[in-house]
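Dropping the structure in here first, questions after.
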Amino acid sequence: MTAAFGLRTRLVIAFLLVAAVSAVTTAALTYREARSALLVRAQDTAVASFREEVEQFVPGLPLDPESLRWDLYAIAARAKPHPWIVFAEYGSLRASSGDRPVSGVLTAELRRTALTSPHGSFERVVKDGKAYLTIAMPVMTRVVAGGDALPSGLVLFAVMPMTNEEGDIDALVTAARDGALPGLAVALVPALLAARSVLRPVRALRRAAQSMGGGQLDTRIPVHGRDEMADLARTFNDSAARLERSVQELRDAGVRARRFASDVSHELRTPLAGMLAVTDVVDEDAGTLDPETARAVRLISLETGRLAVLVEDLMEISRFDARAAELVADEVDAAEAVRSTLSGRQWLGRVRAELPGGLRIRLDPRRFDVVVANLVGNALRHGGEPVTVRLSAREGVLITEVRDSGPGIAAEALPHLFDRFYKADAARSRSSGSGLGLAITAENVHLHGGTIRAENAPGGGALFTVELPFEGPASWCGAPDGPGSARGGDRTEATS
Amino acid sequence: MPRVLLIEDDPSVREGVELGLRRRGHEVLAIATGEAGLEALGGFRPDLLLLDLMLPAMSGVQVCDRVRGTSQLPIIMLTARGDDTDVVLGLEAGADDYVVKPVRTGVIEARIRAVLRRAARPAGTGPALEHHGELAVDRAAHTVLKSGDSVALAPSELKLLLHLSAAPEQVFSRQRLLEEVWEHKYHCDVRLVDACVRRLRTKIEDPSPEPRYIQTVRGSGYRFGPL
Amino acid sequence: MRKPVSRGLPRTARCAALLLVLGVGPLAGCGIQETAVVEAGRPAVADLLPPREGRVLLFFFSPDGELLPVPRNVDAAWRGGVPASSMPDDPSAPADGTPGGNGLGGPPPGDGGMSGPLSTLAAVTALLAGPDTSERRAGLRSAPSLPGASVADRIDEGDLTVEVVLRARVARLSAPARDQLVCTAAYAAHTKGAVSVTLVGQEGRLPPAECPVRPVPVPAR
């Protein structure tokens, strides 16, 4: 029940419940009072008027059965407030104003009371679902006019169906119900208003939390009043401020770390540039050195090349981290781009390419070259030949698939494949590049607004799938909108 | 063997490149600053200028600008990746090509040869004068006249003009131009082409919003004409 | 501080119970209920008895065992104290009764005055004769030990005392039979029966007694 309904529903239900309780209770109490008053009035009227009629019309003793019946008729005719049937009992004599001399409604209890107690008395009896008011009126006779009286042994009974009262009471119930239900409906309005007034700060809180979650860490809630919601808002604001501070610190730390990595790369690059420039010289002359020196020299040359690649990759990653990576988009033929990547690296003979023509896409050719080259190079190094590159189009995206025929990727390695410096296999660590290749590939794909994923193909082997939108990234900046323009000599144009 | 003037401020790079090129038979003069390089230009009379983009006082771009003011000496810039903005400025200033450091000497040499091939006149052929509107292009003499006046074109600009005008109205993608004019095997920055086209236009086109000779085909590339 | 999840269920149950009570409570009280017997005010009071001059008041038992005052009409003139018109079937009714001086000329009703011994004797004689036909039809009867008719010998009336002399053994009379005799004699002798009656028999006399059926002030509402 609690989980199924929202806060608003629960508030409204609670409100309505309270309203229902009060409405029903009020209605019930009112009903009881009204019913009791109704019955008491009817009974009192009936008893009093019965007594009055009896005193007026009672036959004298000794009883003459015939005139007795006429007297009963007279009493019955003056029934009040409702028609009644009058019964008379005297000794074993029975008479009535109705069809039968004896009533089935009168109880022995009432008879006994009438005979033993010098009072009028009544009893409500429900028989066959109908209510009757039965009145017993013992008749006392004065011994002398105006004086004291003796019980005469004559008892007159009146049996009065309470049909009218039943109708009235049913009307009461209907009225109570008809009053309570619209009351509940009316209570719905303040219930909704109250729920709204409670929920408004809650909603503000939710919006604020959402905004925080969306990265707007400077979100604050206006604090009104001194109630619990205000406390909550204040707590929220404090927490948000603390969170903002912590995140800012983390961010600063991250910026510092990235700048450090970038600076280190920069500083490494210059000496490396010098070293790399002379590696050709060293390599050429290695043949003339004694074998051990030659090996050492070649090792230096090889590792210098690797180091250069590593430093360049680090710098590239730093640019991605600093969001300084620029996209220089151009509209190209996808098949042509892939083919030139393969041919430039002399891979055409080793890679099976399925490159349908006519797939023109807007992308940064240099970055696309990096993506394809990294994936194919990765497949050739770690997977097994044959390696297949396939292009296809679907729903506005260009799909580039690179598949190898190797053993595939270990399941535990799949989620980390695009992590930096992640090595799926320790044994491969020296055979590969910087360890940043796939990370850079993924960054390049994301820069294009595309996606990349790795999986094990059903037929075995690893399958990398890159999806790039044909229109280019949603917002790429800094790239010229086409090859050149008429405004020759405008230097700022290329960088605008 | 070509004479190469190297202007590079970092001693290790300067020395490494000088060493590597010299080993490959180039005559190399290595100089640390732009100002000194410009001074040495007259005495050394190089076939090619290898110019570091990031120089301390006078930047590579400024040096490039200064050189282009007086000569069409082939210029290759040495850059570091990430200096994208400066690369564009250098290209706009008239550099013919660029090489990203760190780089093996072999690669630098390949670029040098490619640029020099662009600048070299085809040997042994007679004058092959073509007229395109007000342009007179002599393929043999590697000269271009506009309305009778000589137009000074840098090697890349000349090669681009010759390449495009050889097949008028044919559209060349920028990628294709990179491969065929600049002999770049890898995907390189197509801004190289754009910068060159812009420079070429300033020299041969009339001041008009619509280029006449080197026309842009949106989404495809460039073509020569139709006039 | 987290509440256990299971607390939700009893709360739901409580809610349901509350609703049930709210819903069923008023419904159960709908309509008209029976009541016990409720006393409501005074009884009906009327003058059921004929004028004192025209009747005698006998005391018989109702089928419920109650001692009831039963008036029996007599003509205005007394014949031996027994109203002839109302005792046509009484074989023992004395035929030579003379109208008593107390008949018409008695004290006015309600003054509480004494009536003559003749009428008292007539009343006791009528009582001993038993209920008449219509009285029997109404289920009135005498106590079994009451002797038959014609045993009433004489009445001696004093100041607030009456002696009923019977030709019978009064010790054999049961208590109800004595009450019948005492009451009939008392009310015959006094309008409110406020005299003590001594039953005298052949073997002796009983202690003086008063009629247990005494007029009461009418209870007010």
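A, B and C label the chains in the order they appear, each numbered from 1.
Assume contacts are C-beta pairs under 8 Å (C-beta built on N, C-alpha and C of every residue); 3 or more make two chains touch, one makes a residue touch a chain.
Being a predicted model, the structure only gives us computed values, none of them experimental.
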Co-neighbours of chain C and chain A - touch as defined: none
Most remote chain, CA-based centroid, reference being chain C: B
Central subunit by CA centre of mass proxy: A
Centre-of-Cα separation between chain C and chain A, whole angstrom: 86
Centre distance in Å when chain A and chain B are each reduced to the mean of their C-alpha atoms: 65
Centroid spacing, where centroids are CA-atom means, of chain B and chain C in whole angstrom: 150
Overlap residues in chain B, where contacts from two or more other chains coincide: none
Residues of chain A that touch chain C when the two form their complex: 1-2, 17, 20-21, 24-25, 27-28, 31-32, 35, 39, 43-44, 47-48, 51, 54-55, 58-63, 90-93, 107, 109-110, 113, 115, 117-126, 131, 135-154, 156, 162, 165-166, 169-170, 173, 176
For the chain C and chain A complex, residues of the former touching the latter: 8, 11-12, 15, 18-19, 22-23, 25-26, 29-50, 52, 62-64, 66, 68-73, 109-112, 134-135, 137-140, 187, 191-193, 213-219
Chain A residues touching chain B - in the complex, by the definition given at the top: 269-281, 284, 305, 308, 311-312, 315-316, 319, 324, 326, 328, 330-333, 336-337, 340-341, 343-344, 360, 365-366, 368-369, 480, 482-491, 493-495
Residues of chain B that touch chain A when the two form their complex: 10-17, 19-20, 23, 80-82, 84-85, 88-89, 92, 101-106, 108, 173-175, 179, 185-191, 193-195, 197-202, 205, 208-211, 214, 216-222
